[in-house]
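Data first, discussion second: the structure below is written as structure tokens.
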Amino acid sequence: MRAWLTGGAAGIAIGIAVAVTAARWAGAVTQPVAFDHRKHTQDLKLDCALCHPNVAVGQHPGLPSVEICAMCHQTRLGTSSASAQVTGYVTSGRPLVFRKLFGLPPYVFFTHRRHVAIAKLPCADCHGDIALTTTPPRRPLVTITMNFCLHCHLKMHQSTDCIACHR
Amino acid sequence: MPRWGMVIDLDRCTGCAACEVACKSENNIATVRPDQADMGRAMSWMKVETKIEGDFPDTRLSFAPRPCMQCDNPPCVKVCPVSATYLSPEGIVGQIYPRCIGCRYCANACPYTAKYFNWFAPAWPDSERAHLDPDVSVRPRGVMEKCTFCDHRLQQAKENARAAGRPLRESDFQPACADACPTRAIVFGDLDNPAHRVSTLKNDPRATRLMESLGTEPKVYYLTQKA
Amino acid sequence: MDDAETKLRALPEDARTLLRPLIHTTWRFYLAASLLGAVTLWGIGAYVLQFRHGLGETGLNRPEYWGIYIIDFVFFIGISHAGTLISAILRISKAEWRRAITRSAEFITVLVIGFGAIQPIVDLGRPDRLLNIFAHAHLRSPLLWDVMSICFYLTASTIYLYLPMLPDLAIIRDAEIKAPRFYRFLAAGYRDTPEQRRRLEKVIGVLAIVVIPIAVSVHTVIGWIFAMTLRPMWHSTIFGPYFVVGAIYSGIAALLVAMVILRRVYHLERYFKPVHFDYMGRLLLLFSLLWLYFTFAEYLTAFYGSEPAEMRTFWARISGPFAVPFWLMAFCCFVLPFALMCRKAMRAPTGTLIAGIAVVIGMWLERFNIVVPTSVNPRFDLEPVAHYFPSGVELSILAATFSGFILLYMVATKFFPIISIWEIREGREVSVREVAERVADYLPTESAEAA
Amino acid sequence: MSFDRRQFLFALGGGVVAGAGLSEIAAGLAAPTGLLGPVPVPHPAWAPGVEQRVASACLVCPSRCGIRGRIVDGRLVRIDGNPLHPLSQGGLCPRGAAGVQMQYSPGRLTAPLLRAGPRGAGRWRPLSWDGAVSLLVERLGRLRAAGGPQAAAVLAGYCAGSMEDLWRQFLRAYGSANYAADAYADGGDAVMAAMHGVARRPAYDLDRATLVLSFGAPLFEAWWSPVQAAVAYGRTERIREGAPRPRFVQVDTRFSRTAARSSEWIGVRPRTHAILALGIAYVLIREALVDADFLAAHVSGYEDWSDAAGGHEGYRTAVLRRYRTEEVSAATGVSVERIVGLARAFAAGPRSLAICGPDVTLAPDGLLAGLAVHSLNVLVGSVSRPGGVLVGEDPPLAPIAAVTLDDVARRGLAHGPLAAGAPFGEGGGETGAERGAALAEAIAARSPGSVQALLLYYANPLASATRPERWAAALARVPLVVSFSPFHDETTRQADLIIPDLLPYERWQDAPAPASYPYPAWAVVRPLVAPPTGALGTADVLLAVANRLGGTVAASLPHPDMHALLKARARGLFAARRGMPFGDAFATEYQRQMEERGWWLGGGAPAGGGGGFDAFWTRVVESGGWADPFYDYTDGGRMRRTPSGRIELMPADVRRRLQPDAGPYDFIARAEPPAPAGYPLRLQPYRVSTLASGTIGLEPWLAERPALFPDVYWVPWVEVNPATARSLGLEDGAPAWVTSAHGRYRARVKHFPGAARDVVNAPYGLRHPDGELANPLQLLDGAADPLTGLSSWATTFVHLERA
């Protein structure tokens, strides 16, 4: 009897762990090119808005299109293979589609314009040290929950009215 | 804190239903199939109610556009078991779709029948998804939905005003129905702000509210010669 | 089997008769059970369909937001007042004739309450978010009071079923006629020592008192769910007590039906005696009058108020599209049971069965007449009147709820004695003497002069 | 209980499976994905959410209101009113707001289609855009080369503005006079032509009128501009010279939404509008409430007169002789008190206006009835004065280009139009326009080959014509039918080639205000969303065809595309030294007052109109258009272009065409024929604005709320008096056949106390959800007014039976 119970309990725990891990791995984001944020933001001192052009005007900041990459990567820069890959995309005209990393559920209405252009929040508040990464993270560096939002809103004396974000 | 309200001049209403369609367009209100409409499941947050009396040629007909009354004492809020509907500080009765469990108690409590239920998941032809308003949820099935005075427009207006560094003006925030009304029968604004037209119109001798005796304190006023 | 049979024969007569159903099952039982099981499965299938596609599968619409499920909810929770309340009241009032009927009544309660409680969940648009009720509880909502009172009631009535069953479970365990481990577990080491018996009776006494306010609260709150809205003919102060009376009424009726059937199929004529039917019939009579009183009061106040919105619903019920269910309800809930139960001759199994069935149907119709006519007639007079006819899915789930309940009740009779063995024994051994003493006690003391 | 390893392992395995399964189920339940289907998201693609608001104009009805599209990431998500547009002033009707559904309707055609099977079989082969243009060039070129350009014909729906000009210019340069307009005729132009000598629909100064007496004009529903009427209806007292809100009085056989919202509604018997109008005239004359000065100065035919042909009865005598109030009351069913009261109110004004609608003019004597109604305006002098009937004018656009004709074209044009229009037909017959019905008859009657190519532009005669079978016969005789409809419809299904137009939110066009609006206003329609790749608008197809046809045709249409054409035409506005790009109410009023005083300040431009034409064009496009808010009341000649130079109450042209002993105002004398046996109910078709073009399936929002009944959805209906319906055993919502001697259709019966007992009100333009047409017009008996050529809508009788 004890064997059954302990075995079953351990088994269920392992099962849940495996399933959760698998789900997490399955949901991980992979980018077409190993983009080096650190290189671009720290070494080259590029502005975030260069590659995320709508960060101050739109709901979503936008991701770089191949045209934006092409501003610099017309010819091969540096020695990294990623750089070579980008040049490959640029010269061949193949579509280069970066994938969204930080996602919110569809019933959350968040605008970057309000937080970046009006409230002037630093990107790192929500995105963590993304600017310092050298390889594309596979999942968000900050887990954004409603409490995460509310905490900041309360701290900043901003509206915590439900319909401001859910509508 | 503003207290948003609406004044609808029934003597100016031609019953054209532009408000209805504008509302549906603005708020991604699902269209139901004809058989569903026959069952009485059509949705229209803003609904032009019609009353026909008499017989030809002495027929009389009146219209009353009916949005959510955004009561100050909302019966629907009191009964929601999960706080999915609540009264916001600016007087808008909000509905939080991801929290709603779909018990429809609020709908039963609302004397104005202003709340709508998603009997099925909304169905649009794929091509028509393109015209959906990205600022408003597409409600999943099984939740209640209701007029929010186009609250998303308020959010956007506030954002624009802040970006421009100026206070919110009356003209900045108008719900879609008021915007579309060709006779300007629908007036919207802050009931407590003397600079807004609604705050004077609501004291008009013609002003009345729907089922005022229920004590729900609606923030939608009707102007009409006939009581 | 033979083994069990021998062991059964070795038991005293009461136990032998009452435990027989536990080990003897006829083909008729299996036939009935499989039929009911099939209906139940069909209903579960219907629910899966509704879960998959949404509540659009029902006949509900706007403003007819509540239909069959809520009717069933009110109805079944009402039926559940059969047991606990009746048995508790009878126990407290030391009505000795209760001894044969409490168990069957309590079983009705416990089993039906689950079927009632599940109805609002079936009715939810988002059953997947059920836990929001706890995560985001909003205590102002009568629905939440209801969740709480039903949880209390379920807990209390389950305990109230279980504890008085302990001695019987111990008897079964000791007789070793069936599933020894199961009964060993259930009996929980009860040995029926005088000490245990004394404590048990104390607890039962306390529970019997506790369970009454809980039971009253349950149906009061259900009445309030309706009364707290502004809908015409729901917004009524009388609804709390009205619902409680109706609930007890339907409970008595359901119990009577169950008693007649149990008596017949398990040959319990020695236990369910004419006096039981007579007394229960009197109760039914009393409640039919109470029901009439409340219903009359309810309709009369609405009629005298003559509020236009109320009158729309009022006339819809009296002479409008809902006249048939209304007058059928009046017939089933009052005319028929009153006419039958007035006469002593009819307060026998057949008469009470007819009256009981009529009341069960009538009370279902009463719930229907409360929920639907009001729902289709919105208070806002510019809104058109709606129509409602339950869809196949709703009717399937309705059928499945009834069949599921009956099935579970049947199965329960195969595992538990449906009449309390020890209470009967206690009645024989102790009560006869006690009652005699008690009655003597009631009488005026004979004066010294007379002596 | 020993610890058994095998048991442990066994349980462990089971546990893993169970745990994984449980968590999957939990995940499925927790997230609304999985078990409960996908989460609906407003737009599937993740997009930046950058929005624009772009001014344009609405093309779905003749009102041509100003709109502003809200465009998010290139998608049109919403249509608002353009507050700068002088007519709509930011208002919108439901059809306008529902345009987004048309834009994204799943049924729209994105590529040209060539018929692959027999006609009507619905088998099509997609064609490239270039291929389609080439095919058209080849077929039209061949026709022209064979010397028969007159065998090309165009049937066009309402497309006033440069689009109509373009078609006409193309056809003219090509060498055909067969341009037929087929839209929204209400005979108003005929009335103006007869009485004023101006073949243009009357404009109404609703903004200043104080009493609007409408005879069957569906002002708030399917009028020329319901929004213009609504804006006037809702105007506040402060605007415009302290004028109080107008009092609307509606005279009609049908209790419509307009009737419901009017201050007063007067139900008359069918076809007695004109009698009531003349009854009012009688009171005006008897009580000397007419504007005698105006009549003396500008009007002829009021008093009796004599000429070479002898003595003639004037208007005054005719009315006094026949329209005694009691008789009028008996004929119309309106009480004497009401008639007298109405007449006095109309005379008291101060700015009264009588409007005549299609319920009056779509009758066998429609033109005469229209004259009778309009004569009220003349009697009180409410013509060419503020708050009265005005004559609008077209915006001073530059011509498309000079038309040059070669010999082929000249010979083709010399054939003239195939079908001669009625004397008072659309455009007075002088521009070669003809009505669709006449064209169909002509095609069917003439020798085969008289029309070799028929181009259909927003015309669906098989659904909209009163006798569709005539069109079916006509189409069968035309070897090449080209439809430019962006959606499949009844007629398009019978076409050989479909070159779908771009939708109204994807193309350049212009949108002049309808004739009912007194001031020239020219809105610019510009693309709000990108058209499908490679797709061409019909205008661009026409310009390309003209270019490829070469020669004089190309020379007459020298513009590369519609945008260039519009810009070139706008030079006329720039040069006109009047008007302004759309401005707000203040700017518009300022401009009006300045122009009234004879000044022009450069069109409201910040620096006196500086910046040249390009800056002007940019301002016009960005504000939504150009308008001139000034009306010259001093130019009386506008109203009197008759040969006599006076407003003719007894127009000679009309009298000449009547029976010798009949006068224009003999309505009481003309007895109404009784209902034929077996058909007891009079059919009263009417247009519901939201449905007029039958696009109900494209805009489900409208289908959900098509009319004033909150419980009518989707399915076509007819309005029947509840008593009548019950006597026929038809409960509310019952399906029924509406049957006349000429056909039948299916509809639901709607009990409506606003319908007269002996009438069936039948909305026109509805379709069943399955696409089946429910068209009352196909039931009509085919009677028409010989003077205008317009079909009579209310002379047919039907019976109802359960379907």
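Per-chain residue numbering starts at 1, and chain names A, B, C and D are given in the order in which the chains are listed.
Here is the rule we go by: a residue touches a chain if its C-beta (ideal position, glycine included) is under 8 Å from a C-beta of that chain, and two chains touch if they have at least 3 such contacts.
Please read all numbers here as calculations on a predicted model, not as lab measurements.
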*asked:* Using CA atoms only, can you tell me which chain is the most central one in this structure?
replied: B
_By count of C-beta pairs in contact, the leading pair of chains_ = B-D
_Distance between chain B and chain D based on Cα centroids, please, to the nearest Å._
31
*Once you find the CA centre of chain A and the CA centre of chain D, what distance in Å lies between them?*
53
*asked:* On a C-alpha centroid basis, what's the spacing between chain C and chain D, in Å?
replied: 67
*Averaged over CA atoms, how far is the centre of chain A from the centre of chain B? Could you give it in whole Å?*
37
*chain A: which residues touch two or more other chains?*
59, 105-106, 111
*Going by the touch rule set out above, which residues of chain B reach two or more other chains?*
49-50, 98, 121, 134-138, 140-141
*Could you check chain D for residues that touch two or more other chains and list them?*
32, 36-37, 39-42, 47, 49, 710
*Which chain D residues qualify as touching chain B in the complex?*
32, 36-37, 39-44, 47, 49, 72-73, 75-81, 88-98, 100-101, 103-106, 108, 220-221, 226-227, 229-231, 233-234, 236, 255, 257-261, 265-268, 333, 690, 700-705, 708-710, 713-715, 721-723, 752-757, 769
_Looking at the complex, which residues from chain A come into contact with chain D?_
1-20, 23, 53-54, 57-62, 100, 105-106, 111
_Show me the residue ranges of chain D that touch chain A in the complex, using the header's touch definition._
1, 3-24, 27, 39-42, 46-50
*chain C partner contacts - residues on chain B that touch it in the complex*: 36, 39-41, 49-51, 64, 66, 75, 78-84, 99-105, 107-109, 111-113, 116-121, 140-144, 210-211, 214, 216
*Which bits of chain A are touching chain B when the two form their complex?*
59, 105-107, 109, 111, 113-114, 117-118, 159, 161-164, 166-167
